[in-house]
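Here come two complexes built around subunit A, the first alongside subunit B, the second alongside subunit C.
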Partner chain A sequence: MKAFTYERAKDPVAAARAAARPGAKFLAGGTNLLDLMKIEIEAPTHLIDVQDLGFDKIEPTPDGGLRIGALVTNTAMAADQRVRRDYPLLTRATVAGASGQLRNKATTAGNLLQRTRCPYFYDPNMPCNKRKPGSGCGALGGYSRQLAVVGSSEACIATHPSDMAVAMRALDAVVETVNPQGRTRAIPIAEFHRLPGDTPHIETTLTAGELITAVTLPKPIGGTQIYEKVRDRASYAFAVVSVAAVIQSDGSGRVAVGGVAHKPWRVDAADAAMSRGAKAAAGELLAGAKPTQDNAFKIPLVERTLAGVMAQARAA
Partner chain B sequence: MKFETPAQTNPIDRLKVVGQAHDRIDGPLKTSGLATYAYEHHREVPNVAYGYVVGSAVGKGRIKSLGLDEARRAPGVVTIVTAQDAGPLGKGDRNTAKLLGGPEVDHYHQAVAVVVAETFEQARAAAALVRVDYERGDGRFDLDELLKTAPLTGGDSQEGSGSSPEHRVGKFEEAFGAAPVKLDQRYTTPDQSHAMMEPHATIAAWQGDELTLWTSNQMIAWNKADMAKTLGIPKEKVRLISPYVGGGFGGKLFLRADALMAALAARAAKRPVKLALQRPLMANNTTHRPATRQRVRIGATKDGTITAIAHESGSGDLENGGPETAVNQTELLYAGANRLTSMRLAVLDLPEGNAMRAPGEAPGMMALEIAIDEMAEQLGMDPIAFRIKNDTQVDPKTPTRKFSERNLIRCMQEGAERFGWDKRRAKPAQVRDGRWLVGMGVAAAFRNHVSRPSGARVRLGRDGVVTVESDMTDIGTGSYTIMAQTAAEMMGLPLDKVVVKLGDSSFPASAGSGGQWGAANATSGVYAACVKLREAVAQRLGFNAADVAFEDGQVRSGNRALPLTQAAQDGELLGEDRIEFGKLGKTFQQSTFGAHFVEVGVDAYTGVTRVRRMLAVCAAGRILNPQTARSQVIGAMTMGVGGALMEELAVDTRFGFFVNHDLAGYEVPVHADIPHQEVIFLDEADATANPLKAKGVGELGLCGVGAAVANAIYNATGVRVRDYPITLEKHLERLPSIA
Partner chain C sequence: MPELPEFETSRRGVLAVGAGGAVVASTPAIAAPSAVTRGAVPSSQVAFRVNGKAQALRLDPRTTLLDALREHLHLTGTKKGCDHGQCGACTVIVNGQRINSCLSLALQHEGDEITTIEGLGTPDNLHPMQAAFVKHDGFQCGYCTPGQICSAVGVLDEIRQGIPSHVQADISQAPQVTNMELRERMSGNICRCGAYSNIAEAMAEVAGAKA
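Then we have the complex of A and B:
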């Protein structure tokens, strides 16, 4: 770990200003950042601890939705009665992630910003365009079973590891921010994470210093909400693939998929195809997929997992 | 004490303390955090500096240049040691790879430097500033390719299973060719990591030319010798202290880089140094269970009598390494007049392959016991009936040589009844529970028993407390407890009157912990020492040693009885001895047996397998403490589930390393993966084994589990997978259609 300076921010705009300086980073739960700092994959020179900024509340929005503060822990969010009642998909996805200890510390914004778990990213001896732009992708042609099958590039086949974000993608969440000039904006989650392209080290559309203050959920959409996480062991494992679906009684619905791309993956045409069944929807979701030999199985797996979800919804 | 003839009735047979379930006597220390592990000896070793190991960034190659200036100038740095300034180093007898690389690099993450600083954080930060310029070499990393030309090679696991390059009985090829029912299949097992909770860790301190190591190690005497040999100093100058070990599974049998680098660092720093191997280094820096490529052929008559059986295995290791002895059990487990076993060894430049819990049998049984299941199905026989039909009570190669005890059939029958085997549908893919395809599987368990000399010293103090001293280790197994039970039984005392001190090379050398030999041999050493102490007590109290009974704190002979404490009222009494073994292990084949039963559910949609319940029935001689033995077996069963369903070190054949080298990438079972587990021990005592009449059990619990899981999956799905681990993609698209 490299030496760094530390401050505890008292004001969001001041925090954003401080974070706009080169080498500065926000610190919230620290469950991913500190691990990466220990092995110097992250090496900030200055940390701005945002825990005193008061973004730890869950409040209703005027249009019947819910605003979840950036600092609400994953545990608190998943346990909130309003979330459980109106957005059960989000609770189910969140508790499928990490472990109880980590969820007690991890925050809403931090979960969105966690970095890929690609093993070549985590090993500083290996090439990785995300860690060291221009060094190449170690995972392409290497061990890639867990990695992306769609939306990837020649530069990067990493996946986004979050469960929470997959549910938020299905629920059309909006990320609220404030920038160093004090201007706020609302970023639809679809536009929040970027595909790798030839700049996989740039993972979100946040600008320098821009601070996440909350994630808002539109008003509840009902339906049967199912999060199905496929993993090699029963708990505390990243998804091989995951399916977040909201299915209405007429068979229509929406679906987002985790473990397949650089961001939570959702395709309009797939939503439109939901009532035609899993094969149709999965076909749209994974159109143009370019899997590796190691992870080609994710293509049929997504379809089969979605079929299971649909069957479960029909039985509900 | 030389054990040369089968044990007669002896004080252990009273079974007042031995054979009874007892909590671990070291449990309170562990649950309260007072048990000091290698990294935690703050009180004994103040003023430590912290070491951080730098692992090689290449799988094979040569260091062109080392840039240490920046690191040396970093805050808090005390010293840096590399091969350039470590002085001449030898190599221990038991590690294949050099523990400090440079200029030649033999494998990925081989230690190339240790950075010593005032704090751990400073050492870690400075280690990142060490600049190493490598010339990448052409490594040999592709096992399948290399096995095409690999020679037949014999070997010994150093843990109880060994085989010659090729072992033949009768005429296998002829008999197999003529057999009316045949099976010829190939199976693979991957490289596996021990992934124990406590990483390899050592504190090293020099006083003049004497070195003391507080380390996490299973085999104190081996490592004292190998450390001395590596450093080129006399053995007498090295002391190892390892009272508690947070798991080893064979990964801590041998001298490893933590101990050597700590010793070199402390010498250079001129003060004690502590270091632990960081988790991402462990998979590639230390040893692992080597991958295997196996072929099993079985020929049988139509009534299910095996007439020909062959098991061939290929594995790889560094130059001068050894093969994974995966075929040993096939020489002994089933009858058959014509037999062939053989091993091939490829030279690989991947990290060192070596012993991991039940080396040989664990991967060997994963293949053989699927093959037996497949053969039974071909014959239209129940797999238990097929095993019973081909049971043998003698070594198939030397029929005059009997098994000392062999209760495989009883294990199978008892287990079948307890598990409800009669409810299993012979035809696969018949049982559904919602979205789950449900199936049952069985496999035999087999692991050899190993006798090794083992010493101990027992003291009777003035306070009437008996203290046992031995360099035996407790790697989480219960050694403290069963050695205390042995001394209590022998001296006629309750358990709380016995204190056990372990893991110090200044104590008598024991069998150590490995190859499931620890319990039976270490307690036999205590038995021998207690016989000596009993003689000393009898003599002090004026008894004729031959007819004295020790019970309830009294020493009795005829009508005369005196309190045991009286013997020590003028000063403590001491008994020291060592158990040694004659030829009984050659006269008889001493092995342990069991049966594993598993029920699984396979998700019809996703192909994910989850274990629903497990049962092990074990016949392993006298069980010294059914509670700690059960813990050993359920732990082994859990490890077996890991091997069956998820554990695999992924090899990158371009860079030559294990890619998933942390606990996020290398998954082992969590609690949610392990539901109901049951263990039954058959009442057995093997008088040919030792005075305790006990054998090993800790590895038996693993051998066969993987195949039982695999067979259950087949029974659930009708899809046979022969490549471990059985992750969902290996059967996903062949699963029965979703109704």
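Then we have the complex of A and C:
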């Protein structure tokens, strides 16, 4: 690990100002950042620990939604009675991720910002445009079973590994932030994560020093909410693909997919096709997909997983 | 207190630290290879309680909670396995919740209450979970065991608190102590010897349930 200095922030705007300086980074639970710092893929020179900023509460919003503080742990969010009752999709996705002891430390903001699990990103002997811009992509000609099938670029085919974020995408969550000038803004989750394009190292639309304060969920939308995670082990493994769906009694609904793209993947035309069945909706979701030989299986896997989810919803 | 470079701290052998009045044996040379090989960095102070005892340490900020426990406080019961949050050998209980001590900086734990395997019970006065692991052969080589036991204690507490899990059929209900639940909730603790079934039996006995 490279040497760094450490501070515990007492004020959000001061924290944002400190984080805007080159080499500085926020520290929340630490479960992703410290992991990457140990292998020097992340090498911040200053850490701003945000645990004392008071963003650890879950509160109702005036329009009937729920505001989840950036520092609420994944365990506390998944266990909250309001989340379980009104947004069961979010509880389901969150408890499908990581392990019990990791979820006790992992936070809302840290989970959204966790970095890819592309094996080449982790291997400093391999080229990787995300780790070292301009160095090339080891995964493109390499072993790409886990990697993206849609929305990828010539520069990067990594996926976003979060389960929680896929549910938040289906639920139309909004990311709330404050910047070093003290200005706040609300970023719809659809616009929060970026596609890799030519700059896979830039993963979100956050600006320098911008601090996430909360994620808000709009008014509950009911329906049958199902998160189906397909993985190589029954527990404690990242998704190969995952499907987050909210299905209403008339068969209409919405769907977001994980494990297929650089961001939680949702397409308007797929939502519109939900009542026509899994084949139609999955076809829209993955239209224009460019899988590799190793991960072409994800295309039928998404359709079959969605078909299973729809069958469960009909039986519910 | 003036900033001391880590190597100087080591050279002194023992350092009295003001906060909490605790006297703490400092790092032996082998315990801080990064400081030796990469040059001095400023050290920082942290105070927390470990197994009921106040501790104040002056550390390189890079020190994880795991390394603080093992290398600085010489509580070597907590084990370093993968050092990347994947195996669970480093699991300890912080403010009542189990966490991976390898993926946490010691400095993040100012004021925290930390319980390690040494604090759960002693050889003469075992914690019920330790006794159950012995009775049910919940280990073979024993390396992952301190983490397994801390995690197991945390799991039963999480079930008591009603924290939901992936295998629950209905998350609007309180979870039950079933074999499936125990296995799912313990999946962050890997056992190379494969003592999983016996661990689940030990846990079920402590929970007063049939696994």
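Keep this in mind: the second predicted complex is superposed on the first by the 316 of 316 C-alpha atoms of A that agree within 3 Å, B and C clash if a C-alpha of one lies under 4 Å from a C-alpha of the other, contacts with A are read in each partner's own complex, and residues count from 1 in each chain.
Everything below uses one rule, namely that a contact is a pair of C-beta atoms (placed from the backbone, for glycine too) under 8 Å apart; a residue touches a chain by one contact, two chains touch by 3 or more.
Treat the numbers as computed from the prediction; the structure is a model and nothing was measured.
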| item | value |
| --- | --- |
| A:21 touches, of subunit B and subunit C: first, second, both or neither? | neither |
| Which superposed partner A:235 touches (first subunit B, second subunit C, both, neither) | both |
| Which superposed partner A:1 touches (first subunit B, second subunit C, both, neither) | both |
| Partner chain in contact with A:125 - subunit B first, subunit C second, else both or neither | first |
| Touched partner set for A:314, first subunit B, second subunit C, both or neither | neither |
| Contacts of A:276 with subunit B and subunit C, given as first, second, both or neither | neither |
| Partner chain in contact with A:78 - subunit B first, subunit C second, else both or neither | second |
| Subunit B versus subunit C as contact partner of A:219, first or second or both or neither | neither |
| Subunit B versus subunit C as contact partner of A:57, first or second or both or neither | neither |
| Subunit B and subunit C footprints on subunit A, overlapping residues | 1, 3, 38, 235-236 |
| Parts of subunit B lying in touch with subunit A, wherever the complex brings them together | 57-58, 75, 121, 124-125, 128, 280, 435, 603-608, 610, 645-646, 650-652, 654-655, 659-662, 664-665, 667-673, 725, 727-729, 732-733, 738 |
| Residues on subunit A engaged by subunit B in the complex (per definition of touch) | 1-3, 38-40, 117, 119-120, 122-123, 125-126, 138, 141-143, 145, 228, 230-238, 240, 297, 300-301, 304-305, 307-308, 311 |
| Interfacial residue positions of subunit A with respect to subunit C in the complex | 1, 3-6, 8, 27, 29-31, 34-35, 38, 47, 49, 51, 75, 78-79, 84-85, 88, 91-92, 95-96, 98-102, 104-105, 235-236 |
| In the complex with subunit A, residue positions of subunit C that touch it | 34, 38-39, 41-42, 44, 60-62, 64, 83-85, 88, 91, 97-100, 103-105, 107-108, 110, 151, 154-155, 158, 161-166, 171-172, 183-189 |
